[in-house]
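First subunit A sits with subunit B, and in the next complex the same chain sits with subunit C.
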Partner chain A sequence: MATTTTITEPVPIFKLAHRYLLYDVDVVTYLRREHNIAGVFIGTLPQASQQNVFLGLPLELMPEEARLLVEKGAAHIVDDVAEHKQNFLAKGLGTEERKAYQAALRKQGLGAAKEASKKSDEKKKNALKKMATENWNDIPDDMFDSAPRRGRRAPQAKQEVPATSSDVSDEETLFASSANSFPASSIISRTASNASTPGLEPYGVTPTTSYPPLQALTIDDGKKDELPVVPKSYPVYRHLHDKGYFLAPGLRFGCQYMAYPGDPLRFHSHFLCNGMDWDQEFDLLDLVGGGRLGTGVKKGFLVGGEQPSNSKINESKEGEKPEVRTFCVEWGGM
Partner chain B sequence: MGVPDSSKTAAPPASALQKCLDAHPLPTDSPHSSDFHNLALQIAHNLRYQHQWSGVRLHTVEPSDKSRPLPRPMLSGVPPNRLYVHPDEQIELLQIQKDEGKTGMPDLEPHREWVLPSHLREKWTLRRFGEAFDAIERSPADTEGELLFDSQQPEGGEGNSKWRENLPKRLLLGTLDDDSTVVYYIVHDGIVKPRQN
Partner chain C sequence: MADADEDVIPRGPSKGEDVDLSDETQDFRFLTSISKENATIPKRGEKDFESHGTALQSNTLAASRQAMHNALSFQRVHQPKGLTVGHYHPETNMAYSDNPKGPLFARMGHVRSAKDDPLGDEDARRRGQRLWFLPEEVLYLIERGTLDLRWPPLDGDEGQMGLPMSLQAAYAMFIGDEDTHDGALTLERYSVYSSLKRSGYTVLRAPSWDSPGPPLSSHCYPPSPQRTWQPGFFSTATLRKLFFSQSSDQDEQSQITGPIIKPGLYRDYATIYKRLSLIPFYDPTTATQPSSQNDPSTDPAFRITYHVWKPGSPKFKKSAPGPPDFRIAVINARETTPPTLEQLGSLLETTPYDAPNPEGQMNANLKYGYKNVILAVVDQGVTSYLRIADAAFGMEKVYERKAQRGGKRGGRGGGRGRGRGR
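The block that comes next holds the complex of A and B.
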């Protein structure tokens, strides 16, 4: 079955606090399918943030992955902070758009408040009914309907706020918890300041997404996108990626990348990769350690770098990037 | 008893390794320094007497162009068993065995391998690996270089398979430490998928 959504390149990569993030699951699957970019899921559930075995959106890309996609023209970088400042603070958004957005937020907040108040009323009723059936006959009748009570309560609270806020908050938590996720004092101040307005105060809604109303558009002004800053190992990353390998961060094996011959869900990785400059000095102990670790986990240890072309024939013929050369190290078994 | 008279006692006999070093002094016209020469000899000694290699040879010039010296003296030799089997070759061999109703790996003729001597205290760069690989050919010839030890058994290792011809160059990196431990690692000049030991 074909996917219902189509992805048009270049896709936006959101840059936030020097991280490159993707929020759209369609984009994530598209990049994985078409560009061999797997990335790392970093999103947890708000209710179980300690659970980090199965993570979800957003997807974080390594700078190398972002750079590669930008160089290929498959993606462009959106500076999320600058974009928000421009649109929400510097009036980049049109007046009507802004009003419509605010109205939508208000409506959403009001809906949430209504829902919460309905729920709490019901809860209270049920609780009191239960108490009544257990022959607690000394409960006054008017406790069963809560609506007038709230009206009465508010002006009273207004007078008492400075003096006996502790009593009030106690009672609030016991009975009138129209918004039990707020601290009691804030409820009082809200109801107090808006005592004249009938009905409910809409909840303040924190939007979980700002696209829309914002749009991550490409500005095709001929200006080249700023390329993500990448470490020295980028040539090796690109070389292996061009050969069809999927590359994942190599922290688990103490290297820079792990190279999978196909999708990491289907294959074990083949190589532990380190990239460096052609003339960068390294200890043989690093090579021995990497080779030994790699062999221990049935992988090869791969080091590589860009070999500067020394012959002029090559330069004039290709006129582009120097060749990347890699070396694979395995234990000799003796 | 008492304090030994230093004038009368002779020096202790030279060790086996020292005899080997003495027997192969650095030629006066050598382009290489004596420490690289002795390093190669020590690793050759280790290969011959610890790992039972045969036909260990010392190479000082490029096989393709005898006028150019190697970046450092290198060795070649024949291990007692095949040192390296590519995973795809292994699959092919096992398939043949299965078709013939046998199990396990067949006995394989060993191949002559390049050995690159190095010391753990050296700093290495990718450039030096590149130069070492550029200087050698895919498989070392068993007629070039200087034979260091008397060959005990007939040198095996010819009849290179298509696997040797089609894979990138490889060499064995022998790394010596101060306590005379030598570790050996296979290095390939390119991307070669790992063995599934």
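The block that comes next holds the complex of A and C.
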């Protein structure tokens, strides 16, 4: 992956109203890559906001997924509501921190504004060029570069916006001459104090996460995190996850989980899974219905449960996980 | 069109293909074909059956993941020109904006009257323009990058603006903190709200949002037969009914004692079949409104949550929305079991009487039912829509069926409430 942001475990999972959400794109991709946790995107993608095929952050985790990550020590649960209330409504954040946060956001906004004006300049330039080349052929290229009137003058040194294409950076050097440059701080203070300055007005930014300004706390006081409450199908979930499957909520196919042999981005699911108690009785009709449905959609119908360890025999093996057994039903249609 | 962006809604799948792409995780590499202009929904991405350890496969997966990462890293920025700034109001867990800009606000938000406005009536002119947003509305507007919401300013903040509220903070406040405000917005309800809004529907809270709702009105019952009586005039239908019911009474008498079908002269089969139909059946048209006030007896888990209007519906006005096109009940799959007949019955009782077209085809009519409601079942962020209708099989006489022209299949796929933005 090109984007390698180091993630330090345990990652925070944000809990609100008994749901488990993730907001950080790096954490989301990290868990997908390293822990086979896909989750479900439930948010709107701002760049394509009127469709339901591709969804964006936040990512909702099943309680099973949150539990598994916490048990592994890969994540811890953060009470997001309390955190936000304390820091933003009460004065949990110091004045300095707030100032720094605002400055950082303004910088991002400025970057976005620059990007946008660059894009529109580029467009204009291309349009002019197109028009011009139809009429005259020997006009120097420089003529079509728009005048440096839009405060594209901040030094490149601390830019967060990556200059992606080469011609963009070329253009940048064209105007980063010392005559036009201001220190970045002066631009910020100018635009803040007076919006009518010829400098670029920073765009408003709505950050996706609240970290920063909030600081991720690592809980080291020995107190164990409260484990997410999971349904009784959890042993089957954990068992299949251990085998390398990606599991997704399965109500669409009338089951508890759908098991994918790899990342659901790339693979079709193999099994419709239902977890049960070992001695649980269920209708034979469920087995028939599930088997028929599964075969109809080219998947296997899988039932599984945790085999209770016989306490008299296995007393010596204390601490060992009880065995989970799964059974797959396929409709023969003979 | 509520929004310029709606033009970008991909308009349905190509002909003959009835595949719901949102059913499955799609390859994010196809997203670019949606974000661009004159977009079409991508074809189903080619997926593999299982890992075969080839470099090609792992490279494709890496590319898909990278595309997903890029798409998700998109930052919400607001141009100063069309900026709508909102302010969070912690006491009510709502937000307001003094200068809403854009066509989206024609169908969202509401103006409060002087005595209802939590900010009071200090500046009447500003109050008239101030739009209040319910939690789900704010969250949706933030999420699609339309609203720049600010925390309440504290001492030491520059100007009158508080810190910008992040998406995460918005979820924490508007959904996580609903409990302490006695609000009823849950993540499931919000998921359904935003997915309907993304499809272009107009969505408002139903009166039974957080209470049993108003007593059942006359709309919930079939129009009473008295209405067809007009002064000094019997409609032919009423007359016929009068005579017909008399003769059928006589028939019943003779059926008890004598043969079901008396020997005699029958000119058509319908008369014979009519006499053969001895078993009483459920007739939703005979339900009558009780004279006393009838409060709905719905189970809290099965109540109508949203009223939904089709996109571009000309009838919709924010001040007088009119009857909705759909009624949706949001259900949490993890916390409820399939509804019992009783739960469903009392839920359907609260929906208005909506008889099928008497001229319509039998199958379509059966599917349409006499009352209907849409269930949106949410399982951990995955929503399935089901249309439940109060069908009356006894009302559709098979022996009266007219010869069918054309195809056998009647009606549109009523079960799939999932809109395509049309």
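Here is the rule we use: the second predicted complex is superposed on the first by the 193 of 334 C-alpha atoms of A that agree within 3 Å, B and C clash if a C-alpha of one lies under 4 Å from a C-alpha of the other, contacts with A are read in each partner's own complex, and residues count from 1 in each chain.
We take it that a contact is a pair of C-beta atoms (placed from the backbone, for glycine too) under 8 Å apart; a residue touches a chain by one contact, two chains touch by 3 or more.
Just so we're clear, the structure is a prediction, and the values are computed from it rather than from any experiment.
**Student:** Considering only the touch criterion stated at the top, classify A:265 as touching first (subunit B), second (subunit C), both, or neither.
**Tutor:** second
**Student:** Figure out whether A:109 sits in contact with subunit B (first) or subunit C (second), or with both, or with neither.
**Tutor:** second
**Student:** By residue count, which of the two partners contacts subunit A more extensively, subunit B or subunit C?
**Tutor:** Looking at subunit B versus subunit C, the one contacting more residues of subunit A is C.
**Student:** I'd like to know which partner A:21 touches here: subunit B for first, subunit C for second, both or neither.
**Tutor:** A:21 contacts subunit C only, not subunit B.
**Student:** Check the residue A:6 against both partner chains and state whether it touches subunit B (first), subunit C (second), both, or neither.
**Tutor:** In the superposition, A:6 contacts neither subunit B nor subunit C.
**Student:** Using the superposition described at the top, list the residues of subunit A that contact subunit B and also contact subunit C.
**Tutor:** 261, 270
**Student:** Over in the complex, which subunit A residues touch subunit B? Could you list them?
**Tutor:** 240, 243, 261, 270-271, 276-285, 287-288, 291, 294-295, 298-300, 302-305, 307, 325-334
**Student:** Subunit A touches which residues of subunit C in the complex?
**Tutor:** Touching subunit A: residues 3, 5-6, 8-10, 21-28, 30-31, 34-35, 41-42, 47-51, 57, 60-62, 64-66, 68-69, 71-80, 83, 85, 90, 140, 142-145, 147-149, 151-152, 154, 156-158, 163-169, 171-173, 175-179, 186-187, 191, 194-195, 198-200, 333-334, 377, 379-382, 384, 421 of subunit C.
**Student:** Which residues of subunit B touch subunit A in the complex?
**Tutor:** Counting only subunit B, the residues touching subunit A are 51, 79, 83, 118-120, 122-127, 129-130, 172-173, 175, 183-197.
**Student:** Which positions of subunit A touch subunit C when the two form their complex?
**Tutor:** For this pair, the touching residues of subunit A are 1-3, 14, 16-17, 19, 21, 23, 25, 28-29, 32-33, 38-54, 56-58, 60, 62, 80-81, 83-85, 88-89, 91, 95, 98-99, 101-102, 105, 108-109, 112, 116, 192, 195, 201-211, 213, 231, 248-252, 261-268, 270.
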